[in-house]
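The next part holds the structures, each set out as structure tokens.
Next come two complexes, and both contain chain A; in the first it sits with chain B, in the second with chain C.
What follows is the complex of A and B.
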């Protein structure tokens, strides 16, 4: 029984992480129709921010996380203004631009902080949390409530605030939204700010749990794409369901079989679901 | 003859003498280059980067003493480095550049994934290649040697020590990444545990792209092991594995081919690692020699904030063996050094006289085996607690058969 509960706890943690990284990507695609491959690099920059502020400069952990959210969000905003604005609505051009941004950000990080060993980020909350016979560290556990908090805040923003509703309208039908006086440029900027900030948050929260290095965004962005595609591009609710599906699938298969088989099964499930519903499980929002 | 002709001849004579003098000076200052093609970035960087610290200390010491005397010549030594990132394709580019452009006479490499793509070229060029992975040794790689690290053979000694020192520990789990290095570690560790009478309850490789070890450790702990062997997991994996084992509440004996203690202690308290078994002492260990202590002092002076690992000295250890071979051969030519080394009954290894081993297991006697120290972590630092010898271990025919049966079960070729 403990084994089952431990697996459920692991699955929840993995799903939370997948949701956090995928929702931002889905939001950007929904509003801008851009496949942002640099989302993984925003995630990496969030982790680097925590490494510098928390591990090296001894800032309080949550202050470092907040700084990562703000800084990476602003970087997303700048990249929208300087790069992605020219490709708004053009999937291929946006994709190629994002690949260019991947290289720019990776090389910049390598030039500034070097390659070499992974950056060690100690746990801010190394204490062990016991939950009915199963245990994890507080550091891992906080990813779950923080993800719920951030996704909840995003939900409220998109549902209750005028600019949030404008974002959803723009994602649903950009032309109709523009006719209603909603600025597509403003929506794109806000979507990029929020999407990048979510990636920064994910990187910041995972920095003490995973290895921090300039190429850490690679594997993450692949997982995020699988989640977004299955959930339905631009569909935030769908991304959350898909994150739960793949989070538990990965955890269960890794526990019972191994992690290589888990990757294979994830890809097969994605192909199967896309064959059944090419628009994603939940369709486009 | 006119005055101009005499002046011209005089100038020519002076110039010739000057040239000869320069040539003599250059001859006295001839430089021999050694390649260093290892992961200086990426997940295996901790198995490449610290080696530059030891090799630079070695080179500075030799060059400050005037150079290395080989036959009638004295050579300054230069290390030419190349970051292969632990990737085979990049390593092949690296070794070609080092051999064809830089004209190195020997190459220091980590081994593992970088060996299969590079060896056909290095064998053809007859360039000695010193690796840290003995399981890379093979009959079709005649110039590949492991003269420092005894991986994966020393897993047999670690497991034997654990059985002796912890008789109550009866169940072991082994994990390592799914690549040449990781699979060799799992196979040899499994053989060691079985030969020592310890049940192997979990023995599996994980994908090299694994970033979350929670489900893997949950599966491991379900088997209730007394011992967890991390095999030869990359240093960054070790830290994440230890963190998961610690946070999921497991307490027991950890063993690994080696440690990157700095990375591990960033994730778990040092008490968790108390008693952990490996085979690499810090060089200030009181049981080691003055040479080790002197090296430690110099290294500490140069790199006061760095954490020590075996990688700091192992590539340097290969330079020691190469220099011994070159002096014995009276030549720096790769083939001559190789022959001189192989002709010696014993070759000085950092831990004492070493003998050649490997014909039955790897197909070539190109592994230098000394009596190896066993270490336990005490107070966050490795300390020598025993010495063991591989040749003694192999004297037991039953154990030897377990080793070969287990290697066969893991599809590892042997040459019995």
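What follows is the complex of A and C.
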């Protein structure tokens, strides 16, 4: 019984992390039709920001996380303006441009902060949390409430605010939205800002748990892709369901067998689901 | 018959002439450069097979991210066949290509149902599952450490194919053969059908073309040649490890192909040759090379999205104007 609760807790933590990173990617894809492969590098830069501000400059943890969100969001905004806008909504060009951005950001990080040295980030909340017999560290647990908070904020933004609704309209039909006076460019910029900020938030929160290095984004971004694709690109609710599915799947298989098999099963499940429902399991929003 | 061949040669004299010059250059080339550079040339030849077979798949409109794992499939097949079972290289070469093709055929069942972006991601999932299998299963794939002791191909006892220059000629002959087959295919009815599908799948379907079949065919044939490239790679490096066929290699493949352009047969070859030379020139700055490549690829997509091959067309109007100014008729 305890084992079951432990698995559920671990599954929830993994799912929250997946949801946080995938929803940003899904938002960018839905509005801009850009498959941003550099999303993983934005995540990595979020982790580096926490390493510098929290671990080296001794800022309070949440202040460092907030700084990471803002900085990475701004970086996303700049890359939209300089690079992704030129793709003109062509999925393939956008993807390859983001691959170019991945190379640029990775080399930049290696050149500035070095490759080999570990970037240790101490836990901000090292205390152990006990929940009815199962235990985890607060540092790992904190991902769940923060994800709920951020996704809730995003939902309020998309549902209640004028610009948020404009964003959804533009994702559904850019031309019709443009006729209503909604600028697709402005929407793309806002989507990229929010999406990248969420990647930064995920990286910042995971920095004390994961090892911080220049290539940490690679494995994460593919998991995010799996979640986005299965959830239906641009479908945020679908992404959350898919994050839960894959979060629990990964946790259970990693506990019972090992993480390579978990990756293998994830890939095969995605392949199978895509063959069954090519437009995404949940379909479009 | 002889007259027909003669007429063909005369008619196509210009490009047959160029081809012969190119062939002559490629034959003397290994004696003009250092040993290390011969190794680079061998890898370049292998990469040329890889990009051209990749383009073969893209002519149907799908960009496969499983292409590098398919090369791995050929490499692992030949490692198991020659090092494990003692099969001679010359039998293992087509068999390993076939192994990649069979694997591709199986995977093309789910893949053919997806289009566009979904194909992109599904093909990655397919390729990555292969790579994860190689990593996970120590028998027979050797896990992280991969497989070693892949034998040197045997030829007449006087030729030692473990030396770079003889191996270069082996790779050159096989590459030429593969390119010839793929070129003929590209110009054949099948090749035109592939292109018709990429232009308008629905229209092709309405003309009675079995779109799914042709997509699977392109994926299978392309993967066969990727497998052959993998065989050449495995027998040169004498070892295969799963990390060789990881996503970074796929990213480089995409960069080569986008830089060269996929519309023409020669575009991807141009891309890989130019970028390989560039990265050799930039050897002292090797840490910066990915960043330079990244910048090149973004600038390519922004300023000349058709790649290097499109540059020629871009200058044609300008050339015509120059000719016109010089009193010539514009060329059409």
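Just so it is clear, the second predicted complex is superposed on the first by the 284 of 285 C-alpha atoms of A that agree within 3 Å, B and C clash if a C-alpha of one lies under 4 Å from a C-alpha of the other, contacts with A are read in each partner's own complex, and residues count from 1 in each chain.
As a working rule, a residue touches a chain if its C-beta (ideal position, glycine included) is under 8 Å from a C-beta of that chain, and two chains touch if they have at least 3 such contacts.
Quick caveat, the model's predicted, so the values are computed rather than measured.
For the composite obtained by superposing both complexes on chain A, the positions of chain B and chain C are free of clash and fit together. In the overlay built on the shared chain, the residue A:108 is in contact with chain C alone; chain B does not reach it.
Of the two partner chains placed around the shared chain by superposition, chain B is the only one that A:140 touches, whereas chain C remains out of contact.
When both complexes are overlaid on chain A, the residue A:170 reaches neither chain B nor chain C. Contacts of A:256 after superposition: chain B is touched, whereas chain C is not reached. Looking at the shared chain after the overlay, A:268 reaches chain C, while chain B stays out of its contact range. Once the two complexes are laid over each other on the shared chain, residue contacts for A:233 go to chain C alone; chain B is not touched.
Contacts of A:15 after superposition on the shared chain: neither chain B nor chain C is touched. In the superposed model, A:95 lies in contact with chain C only, and not with chain B. Using CA centres, the angle subtended at chain A by chain B and chain C is 70 degrees, rounded to a multiple of 10.
Of all C-alpha pairs spanning chain B and chain C in the superposed arrangement, the closest lie 5 Å apart. In the three-chain superposition model, chain A touches both chain B and chain C at residues 258, 260, 263.
Against chain A, in their complex, chain B makes its touches with residues 40-43, 45-46, 49, 83, 178, 204-207, 209-212, 214-216, 218-219, 221-222, 235-236, 239-240, 243, 246-249, 260, 262-263, 266-269. Those residues of chain C whose C-beta lies close enough to touch chain A in the complex are 63, 109-111, 113-118, 120-122, 124-126, 128-129, 132-133, 135-136, 247, 251, 254-255, 258, 287-288, 290-291, 293-298, 301-302, 305. Of all residues in chain A, only 35, 83, 86-87, 91-93, 95-97, 99-104, 106-108, 110-111, 218, 222, 225-226, 229, 233, 258, 260-261, 263-264, 267-268, 270-272, 274-275, 278-280 touch chain C in the complex they form.
Across the complex, chain A meets chain B through its residues 3, 6-7, 10, 13-14, 115-118, 120-123, 126, 128, 130, 134-137, 140, 209-211, 213, 215-216, 219-220, 250-252, 254-256, 258-260, 263.
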